[in-house]
Amino acid sequence: MAGGETLDTPFEVGGHTLRSRLIVGTGKYETNEVMVDAIRASGADMVTVAVRRVDLDRTKEEGVLHHLDPEEFFLLANTAGCYTAEDAVRYARLARAAGFNDFVKLEVIGDERTLLPDVHATLQAARTLAEEGFKVMAYTNDDLITALKLEDAGCVAVMPLASPIGSGLGVVNPYFIREIKRRLEVPVIVDAGVGTASDACVTMEQGVDGVLMNTALAAADDPVRMAHAMRHGIRAGRLAYLAGRMPSREIAVPSSPTRGMLD
Amino acid sequence: MAGGETLDTPFEVGGHTLRSRLIVGTGKYETNEVMVDAIRASGADMVTVAVRRVDLDRTKEEGVLHHLDPEEFFLLANTAGCYTAEDAVRYARLARAAGFNDFVKLEVIGDERTLLPDVHATLQAARTLAEEGFKVMAYTNDDLITALKLEDAGCVAVMPLASPIGSGLGVVNPYFIREIKRRLEVPVIVDAGVGTASDACVTMEQGVDGVLMNTALAAADDPVRMAHAMRHGIRAGRLAYLAGRMPSREIAVPSSPTRGMLD
Amino acid sequence: MAGGETLDTPFEVGGHTLRSRLIVGTGKYETNEVMVDAIRASGADMVTVAVRRVDLDRTKEEGVLHHLDPEEFFLLANTAGCYTAEDAVRYARLARAAGFNDFVKLEVIGDERTLLPDVHATLQAARTLAEEGFKVMAYTNDDLITALKLEDAGCVAVMPLASPIGSGLGVVNPYFIREIKRRLEVPVIVDAGVGTASDACVTMEQGVDGVLMNTALAAADDPVRMAHAMRHGIRAGRLAYLAGRMPSREIAVPSSPTRGMLD
Amino acid sequence: MAGGETLDTPFEVGGHTLRSRLIVGTGKYETNEVMVDAIRASGADMVTVAVRRVDLDRTKEEGVLHHLDPEEFFLLANTAGCYTAEDAVRYARLARAAGFNDFVKLEVIGDERTLLPDVHATLQAARTLAEEGFKVMAYTNDDLITALKLEDAGCVAVMPLASPIGSGLGVVNPYFIREIKRRLEVPVIVDAGVGTASDACVTMEQGVDGVLMNTALAAADDPVRMAHAMRHGIRAGRLAYLAGRMPSREIAVPSSPTRGMLD
Amino acid sequence: MNTTGTTVSVRLNGKKAEVRDGQTVRALLESLDLHPGMVVVELNREILERDVYGARTIHEGDAIELVHFVGGG
Amino acid sequence: MNTTGTTVSVRLNGKKAEVRDGQTVRALLESLDLHPGMVVVELNREILERDVYGARTIHEGDAIELVHFVGGG
Amino acid sequence: MNTTGTTVSVRLNGKKAEVRDGQTVRALLESLDLHPGMVVVELNREILERDVYGARTIHEGDAIELVHFVGGG
Amino acid sequence: MNTTGTTVSVRLNGKKAEVRDGQTVRALLESLDLHPGMVVVELNREILERDVYGARTIHEGDAIELVHFVGGG
């Protein structure tokens, strides 16, 4: 792939340049070793983490920093688990106080069963956090209008879902994702719903800037091999988008010459 | 990708081992230079060629061997353009007389508009050629029963279409492709219909052994970049298949812990 | 169909009982005669109308009431063309002043190119209108969270889109539509995006209460025949939903007995 | 529906005129009463039956003629369960000897697991039966070339599958079905694979002449209600095809006037 | 009521128009040959009940909107 | 016709069976309580026209198939 | 600073706990064997800068939240 | 072998052509500036081994096909 790198354009979010268009989560892995191996195989340089209470009973070491070197990976804290704008703002501030960076993956959930974002509360929280100087990467649904408002609110990236978190259904509505990308100036990173490599590839072929995933790796039978697959899938989709695919048509067209046949 | 190679299983067709699961055609490129660059970028080691009359008026040099080194690429001659079993057998014999190998990509077309294979004539030609010692790689439709008969006839590979030649519609019927792979022992290589990288990826995720394409590269706006995309797409789909994807479900599942939230 | 009617359950919106689950618009027909014939063929008893200035130059008679008898059809005024909550409220009040009923199809558009709803402004307008005693049928996107908030705001029906207005793409995201229906208590009527009869049928098979369409009829080559098709399509989808479809499976199951074969 | 009938064109197969474009099987119903009620609700006038040995132990009355009046329904005997051309010919002759008509639904299965047709044996049997004066309605896969050969062999109807028998997957490859219809002169009746009303509707929208189904009715939770749904679905799809659907586009188009807005 | 017939300038459906000063809304509709039951009148952003058409009069600078139902989806 | 009642072994719908030697097909159907119009008879792979049921007789080793229409798709 | 060792009740990560009255946040973290650089401290809903851990003391009824980063998507 | 140079008519790749009577296949290829290793020769529907190019001669009415590999999918 070496030389290949030059085939793509640079990818920058909130002033930070990323080598990989794949951002991965750190949750739900069976072991921390598998997590680290999978993340390395994925080629991701930005990884998401959650903010939670220290387990004072110390049943096990949960702190992800005991396993991931902040020098090696850019830590993107999320506000997962928050159901109100206030909570999300509180978690974002706690995350920033950890002292790594000003980025936050804003997530305000509206419903436990579907984990769909509450776009109304998300927009409100985004405005507050942007004013406080956060570099907000906002998880949202595939609604163009909300995406435009989040951009206006000052988010450094808008992250529409491909399908519900952990569903693995892939890009259910490519039209909306494509339109969001067409209309926004900030990077569009599809977050949630990717289930396998072709989902990642199809997503990138819509022209978006990147993809964020977690379950697709952690819940694969072989997370490390799937991480390799995703690295290739993301790259395949990106290059195919840049290369400009052939037109598809219902009628066949021969790929061998029709002239020069024998009598 | 170096280390990555070990992630996959070996790929052998008719006793010949291939490094790449991507086989590419050599037709329809704007220039021979682009053709060669794209083929190299694709990583393919087997390429298809057609058998045609020498153009005695020499308007231009058509001979593909002036551009492709038979030492570098394994030449798979096809019988493209043939509409009867007799013609296909004749072209196959001419191809073998060129002295490179005993392989032939058998193609007997049944209709000019769709270029769909005549599976009845294809089966007849396959039996004749197999008896003559050819290593027949048979282009066919996505019919399991015909695929089984072609295997019985002694074909070294069965090559069902994803969709019509040059259509770029991708895998229209994954069920049939998957079932053909499940039931055959010889390699199953999907031939024709792939339009972009995600099509190649989805195809490999069905578990097939390889993909053959031509138009998707030659007719892309940037054939060389698309060839890189396809190389990654094939690999992504293969590794995802081996890795075992997460189950997809309609209900969402959180990727961050639900416990440890603050009061 | 007569007896057939009894196969379905009653359909009530805001206290008003409808005989048909198909609601149709009155825009974009080539002639008023075709409009009336198509509406009658569709079997719809509720039709939407827009509020616009009287054309004082009288180039032609635009008033739809010159063609549709309010005794025959229930008039549902919309706020189409409004881009702010204030405008939508103003149009709704003007519509109610016409003196037919308290119903309004609330529509607040967020973007000219896609005509996607501004769910933030829509929610705000819905609250205002519900407080003023309007029976609000709210056009929205396929976001469950917004749909739940619209129900809380007092809307008598929530009307998610199948795909953008006038696109004819059908139900792009059946998962979301299905989930909205599962979770709401007020009627769910899919509005916009249906292009042909099978789209209407698929939509109803998701379990929703009704479908609203306009362009699919007005822009068909033969609007009246398409109206008949839609009437059947809506009914087919509704009855299929109630009947409970067979499970689908990848493996075949014979429909003729396997025993009793001859020697 | 009364007047509606005139909206469609006549439907004739092998010189026999059918009122309904829906042909139904008689297998797999829980009771004969439900079978008869469902068939009546479907509106079908042609029904398929299988040829089997009389059960001499008389565990129960299997003879379908004890429940279906040959005066009311046109009996189409099938060769279901046959795996060779010889067997199929034998069953067809036995069926004709029953003395009802010269029609036969030719079915030669190639594989137990998928019940896919052996198109090679089917073609051979079709030629034999056509020569013997049978009116052959041939069950086949969605291969255009085989369909053309079956027409040449003298079949009065060609019946491609939508998907495997009893799978309920619907029309997996609309392109092939559409192309078969475009190219054949004899009626094209899609046989097998329809699972719910929208599948029937989509199938008819491809322009085919009719649909044959069995499991979709017999295996529905409520076969009689599903039969009503299918009757409407078939009609909806047929009329939509004849009406000519609106063009679908990614960009939205308003259905209410854009002029006449207030200041 | 005013009978001198002096005219005043108003904004009628977005266009400048001249109407008799003090003319009633009903009179305006009649002069435009519009059936009161077929339109809704908004006078300076206030929606008028139909029973006041005879009483409410029009004056210099008034903004009048006459709306009705047209075909729409 | 034979009346002695000696029986012979035949294959009837795939099973071994004993029937009166020289019995006619019609008699066989009657003995099985089958209406001739509801079944088709194949005798040693030959399909019989209904009008020969009374004439054709059954003998040792005959293979008889009695078929009819059942529910099928 | 307080050395008497009288204890007070606080809410620590949602659970009732007894700590030395007037104990500093740093001392609390040490007593819990937590590296200050690995956690963030919220005292009565106020997020503390790390350089005040040595100065800020804990008293009766305080609500203390000690959080850190865990695996998440 | 013939040296008079009388010519004969043949069908060469589908077109009528005049060649020297009795000319060898090898000579024909040379005259066409074709490298023997780059083409396959079919003479009257018989595919020729390369080692017979020097021996096989061409005569009146022969049908000759000279084929090679071109780009194809």
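Order as written gives the chain letters A, B, C, D, E, F, G and H; numbering starts at 1 within each chain.
Operating definition for what follows: a residue touches a chain if its C-beta (ideal position, glycine included) is under 8 Å from a C-beta of that chain, and two chains touch if they have at least 3 such contacts.
Fair warning: this is a prediction, and the values are worked out from it, not measured in the lab.
Under the contact definition stated at the top, the chains bordering both subunit C and subunit E are D. Across C-F and A-G, the chain pair carrying more C-beta contacts is A-G. Each chain gets one centre point, the mean of its Cα atoms, and the points for subunit D and subunit H are 58 Å apart.
Centroids built from CA atoms put subunit E at 64 Å from subunit D. Remark: subunit B and subunit D have CA centroids separated by 35 Å (rounded to whole angstrom). Shared contact sites, meaning residues of subunit G that touch two or more other chains, fall at 14, 42, 65, 67, 70-73. Touching two or more other chains at once are residues 25, 27-28, 50, 52-53, 62, 78, 80, 114, 116, 164-165, 169, 175, 179, 214-215, 250, 254-257, 260, 262 of subunit C. Within the complex formed with subunit C, the subunit A residues making contact are 110-111, 114, 116-120, 123, 141, 143-146, 148-149, 163-164, 169, 172-173, 175-176, 179, 183. Contact residues of subunit B toward subunit H in the complex are 25-29, 32, 35, 48-54, 56, 62-65, 75, 77-78, 80, 93-95, 97-99, 165, 192, 212-215. Interface of subunit A with subunit B (complex): residues 1, 4, 7, 25, 27-28, 50, 52-53, 55, 62, 78, 80-81, 90-91, 113-116, 164-170, 195-198, 200-202, 205, 214-216, 218-223, 225-226, 228-233, 235-240, 242-262. Residues of subunit F touching subunit C in their complex: 11, 14, 42, 63, 65, 67, 70-73. Taken in their complex, subunit G has these residues touching subunit A: 12-15, 32, 34, 38-40, 42, 47-50, 65-73.
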